[in-house]
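For reference, the structures are reproduced in the following blocks.
In the two complexes below, subunit A is the common chain; its partner is subunit B in one and subunit C in the other.
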Partner chain A sequence: MNLGALEEDTFSTCCHLLLQKSEQLRDGWSWESVQGSPEGYLKKTALRSAVITSNAIWSQEGSKCNSEAHSCCQYSSDQQVSEKSVVVDEDDRGCTVPEGSSQFLQYEYHILYSCSYRTPVLYFRACTLEGRSLSLEEVWSSVHPDFQVRLRTSPLNTISQQEHPLLGQPFFMLHPCRTQEFMRPVLQVAQDQHRSLNYVVVWLSVVGPLVGLDFPQEYSTLLQ
Partner chain B sequence: MADDKDVLRDVWFGRIPTCFTLNPDEITEREAEPYYLLLPRVSYLTLVTDKVKKHFLKVMKTEDVEEMWFEYEGTPLKWHYPIGVLFDLHASNTVLPWNITVQFRNFPDRDLLHCQSNSIVEAHFMSSIKEADALKHKSQVINDMQKKDHKQLWMGLQNDKFDQFWAMNRKLMEYSTEEGGFRYIPFRIYQTLSDRPFIQKLFRPVSPEGNAYTLSDLLKEMFPAALPTEREPKRYQVLIHGIEPLLETPLQWLSEHLSHPDNFLHICIVPAPSD
Partner chain C sequence: MASGTSEAASSATDLKLQFAPFSSALEAGFWHQLTQKKLNDYRLDESPKCIKGFYYNGDPVGLPIRLTLEYSAFDVDAPTPAHCCPALGTLYNTNTLDAFKTIDKKALLEKVAKEIWEAIQSGAAVKDPSILSKFILLTFADLKKYHFYYWFCFPALCFPEGIKLVKECSYLEQVFSAKQIESLQKVYDGLCTNKGATALPYFLMKYTEDAVQIALLEDWDTFFTDTKKVTVGIYDPCTLAQHPGWPLRNLLALLANRWGSKLDTVEVLCYRDRTLQGHRSIEHSVVFQVKLPELPSSSVCPKSVGWEKNPKGAMGPRIVNLSECMDPKRLAESSVDLNLKLMRWRLVPSLDLDKVVNTKCLLLGAGTLGCNVARTLMGWGVRHITFVDNAKISYSNPVRQPLYEFEDCLGGGKSKAIAAVDRLTKIFPGVVAEGYNMSIPMPGHPVNFSQATLSQAQKDVEQLEKLISEHDVVFLLMDTRESRWLPTVIAASKRKLVVNAALGFDTFVVMRHGLKKPAVSQSGCGAVDSSPSCSSTSSSSSTPAGSAPSVPGSSLFSNIPGHKLGCYFCNDVVAPGDSTRDRTLDQQCTVSRPGLAMIAGALAVEMMVSILQHSEGGYAVASSSDDRMNEPPTSLGLVPHQIRGFLSRFDNVLPASLAFDKCTACSPIVLDHYERERFSFLSKVFNSSHSFLEDLTGLTLLHQETQAAEIWDMSDDESI
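Take a look at the complex of A and B:
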């Protein structure tokens, strides 16, 4: 058996349990099914306050490395990026508000199953309250500071714009090719202790906060 | 292992004669002549249209120019699909050249992914190759390659170098003889009749009894309406690189020879012409 992988029917079961919990917590997750198919995805929308920088740093570098894309996308460490883009979650009342214009953004999160990678995948899109969609550079600038390190080494392999495989619309996607890798140790511990885990809950508690998705601790009871 | 090299060459060098016309609503300083180009089927629109852009910018003021995008008969063209797929899906059975409209304003960001540099195309291309190898070899081949090998695949496509690309790509086409094929076939089936952009599921090249699955077996499971019946006239064409392969063709052979450089077998299902 391939530890780290998630089968499609287990994905459905995990989502089903997550939805039951969400109903108790009233935190807004729903299941959207695709017409004429058993497939679907978990969906949640949320308002979030964030500071976004509309680019300069990222896109300048981006265009400079046009011709030698991959290997050169190493961003010089720039204090400005991490300081200006601290995400202010509504729950983090202790956190100081950074300078710069913090604004409310409307986020839409979708959780889909990838049969290629045999993992869940997080898709999301974001717009301002006036309805303007965020650009990739703005999304990069709004991720959690801890995550910016990884972003700086290879931004396009981490979060990129992709077509939503069920809706055909542009979404941002957290790339799933490393998911099995970071899930494996967690699943190994659980297996050694003969505990069962809700894969989707564990995974979402790791990746959600990176892009501003709050995931209440109450879900941890689903781990058992 | 792929040894039918002529087929690989024919696929790689497939071209579509195209006429680019500027959208008449664009603000220009003088009339813009159409621009003609032979587009490589296996490449991407935004990768091969630098000259088109340059041509139209000559008659426009910089302040009237935003991100360039393309449209065919009112449908925005998704640059992240290979050019041949866009043509087969939207324009097969029409007269050549393919007439594409070029636009520089009102980018439809509900329909199209942004693409303002070649690094975006590269990331998309490499991400497809990685996904295909996850299906074919549990990512083992692509992960064993070095960064320069990945680069070689990309540069091969970008610079239209068949030998450079295939020297590396053949590794992605290997499998053990005892298994008789890849773990799963990386494929996508496109049709324009529903909102869902494509069908992509797990499908093995060989049955548990060891028989090779064919294109017909795949369609039977994924899109049965595309198969001809004895009673009715043919309703659909099943196109790969603009041709209708025999439905009895083994899927493994198709995957090795008719996949795009992104390592996916892109199959278009379009209504049969009623002539």
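Take a look at the complex of A and C:
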């Protein structure tokens, strides 16, 4: 048996246990199944206020696109929706909600199983409340600087942009090419001490924080 | 009491209840799914569609109250996320922006308001209170630009006089004992489990000092025996201390309409249920009391409000531009960029990709070398690539020239420069490629047959001068020696970086030309060699052919700065001429081992990238084979002058050589004549034999001096 690898049925069991704990902790993980297929994935969403800066570190193209996207609420003159034609009553009972200068970002985290790497894979994306996905540079700027450094220098992870295998939409993915490698010593220790552990939980506690995913310590009591 | 605010201070007697409106929250997947629906299902169908959103009451303080729609919004039977309340909506997706603008928003709102009002009166809303949180979404999807226009409406029935607050907002922990709170949480969870749900939008409640009881809205009559004062709970997505969330509005309308005449005061519990770090609490729920005005059944539907304000705070729609995440071309660009950026993360953190990506490359020649150079440039994310070639694609080309296919050869063959651009754009639409089907005039190939040929040559020269000016790096990738002469002269004069690649049968040379110092020294600083480079080069460098190194023990060829490096012609003691004239066919054509062009083409690009990474660019001191063990000058390693490869031995060497003061292309006298006389000088070169340039540069004299001598020669093993 290849220590470091995870079989698909073990993946399902691990996810199931993780879900139970999540329900207990109200941590928000859910299992999303794909219609007409036994396949599925763990999903969690989180909303956070964040200050994003769009000065992409090197991509000139990118910063151009970003500024375009950020001005998306502006109408160009030919697109002007005449507000006079809009007969809409203003409301006098709605309170004005104080809006800070910060933006709110919706993060989505998906855990899938990779047959070719025989490991779990973390997919993620972040979008504004309007549903615009962020570029990776924008996501970074919203992640804590310590983690930015860690992720950029971490030998464990490589990020690439990929289509979500089940949804067909663009996501970022922590590439699983090194996952077995960094899981192996952990699994080895557990094996030597005749302890069982939950592969997905251990793995997620390592990779999750790198992309801003909050993964409470309480999960550590769930290592079967 | 924690809730003492200016509001409370102003007039305690006449406080009106205000509600926190929903903000719409769309996940990226929603727009992807809408796009799919529009393209595959709806097409031109504008009829209203059922969609589903949800809201959540467990947010930390500070987050906006939201109605969220995700990709599953189009499947109204899809499960609602745990601990969230569903809200059903109607989607109006218009086919045109005009329809989006002109659709009667007031009528849409009134229609839904009427449905809600009727459901209240009929009692349907008592049985299924989710009717109270209906919403409208108006959209227009511009799928050419991937711009989405949208406007949400969360209809709310209004009390004309507002709702009087009898008792201000307090936190639950200020009103309830710990025991009551515990009991409430327990009975709430119990009722959820009972109903097979994980959240209840509305519930009824009564309590004693010891215990709390709750029930569904439909059990009103059996649950409340005394209706002087009743308590209702709402699942409240709001986090503000002083305001309930939007879902309360229509519930109050329902209460007023059905039981208003019997009610004295209504106590409202805004049930908020959050878990932080595994710790669940409802203590921060908010409680207040109101006096409900009557809304008799006979009355017409009350006034309604609910269109969402846009980010500017105006009543108007929102637009979101999703071209970056939906347009396949933009996706390709960001993926390519990301791939390159990965190099910087770990392997080469100091890599300056900007310099590479923004470099404009001119490829003279779109054959085996040109195709391979272009592909490698694209791999590096270079966006601006221009081809110059005058040939058509022939049947033998596609197997060696990876930008062409068999089809391109048919009907006489497409122009290489044009076909290469088409292919590049197909491979990567983000590229900015241009092609010029033109000839480059050459020494020894006369252009003075007629006025027409002469003016054509002049036009070609001007075009080439313009192209070289407009680009940052010039690649010499032609198949003849003499066609490299003109661009070498022009680029040297314009101080452009030149990367040259040439193939023999199983040997190649890839080199950068020496980059002359700026012609006019503008700064007054006294650099040793600050005089115009032309003279400095000739005065300070001895000719490789002539003299031996003056300092014994120091190699003449080590540490040559970029401005003193030679060009392709510097090693020659004959001027370029018509090389095709006295050659056999196998000598004329590029007969080389098929892998050679790929190797040389790739090395040419990698050399350019290494030069760009050097802080001094083209002026970088040339690395040689001896430097292989030393600390490399750039994050990517060495910056050689030349790479000479010998495929038979699978070996490369890195020689460096000085500019030759009698060079037929880059020597001061040639550049000087070119800069002063322009085309009249060039046409003399084109139209004359070797001797013109050789006389000019002094090579003729040199020949006489060194008759029959063994000339210093690197194995410049050109086939042509």
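Going forward, the second predicted complex is superposed on the first by the 152 of 224 C-alpha atoms of A that agree within 3 Å, B and C clash if a C-alpha of one lies under 4 Å from a C-alpha of the other, contacts with A are read in each partner's own complex, and residues count from 1 in each chain.
What we mean here is this: contacts are C-beta pairs under 8 Å (C-beta built on N, C-alpha and C of every residue); 3 or more make two chains touch, one makes a residue touch a chain.
Computed from a predicted structure; not experimentally measured.
Within the superposed three-chain model, A:P209 lies out of touch with both subunit B and subunit C [touch as defined at top]. Counted by residues of subunit A touched, the larger count belongs to C, out of subunit B and subunit C.
Looking at the shared chain after the overlay, A:C115 reaches subunit B, while subunit C stays out of its contact range. Contact with both subunit B and subunit C is seen for A:L167 once the two complexes are overlaid on the shared chain.
Using the contact criterion defined above for the overlaid structures, shared-chain residue A:V34 touches subunit B, although it does not reach subunit C.
Contacts of A:L136 after superposition on the shared chain: both subunit B and subunit C are touched.
In the overlay built on the shared chain, the residue A:C177 is in contact with subunit B alone; subunit C does not reach it. Residue overlap on subunit A between the subunit B contacts of one complex and the subunit C contacts of the other covers 59, 62, 65-66, 69, 73, 133, 135-136, 160-161, 167-170. Here subunit C touches subunit A in the complex through residues 16-21, 23-32, 58-59, 62-66, 68, 70-71, 81-83, 97, 100-102, 104-106, 109, 147-149, 156, 158, 162-163, 240, 242-243, 249, 275, 277-278, 280, 303, 305-307, 310-312, 314-325, 330-331, 333-335, 337-339, 341-342, 345-346, 349, 352-354, 357-358, 383, 430, going by the rule given at the top.
Across the interface of their complex, subunit B is touched by residues 2, 34-35, 37, 59, 62-63, 65-67, 69-71, 73, 115-117, 133, 135-136, 156-157, 160-163, 165-170, 175, 177 of subunit A.
Those residues of subunit B lying in contact with subunit A across their complex are 78, 80, 109-114, 116-120, 122-124, 126-127, 130-132, 134-135, 138-139, 147, 150-151, 154, 186, 194-198, 200-202. Partner subunit C is touched in their complex by these residues of subunit A: 23, 25-28, 30, 45, 47, 49, 57-62, 65-66, 68-69, 72-75, 79, 81-83, 85-95, 97, 99-100, 104, 106, 108, 125, 127-133, 135-136, 151-153, 155, 158-161, 167-170, 216, 218.
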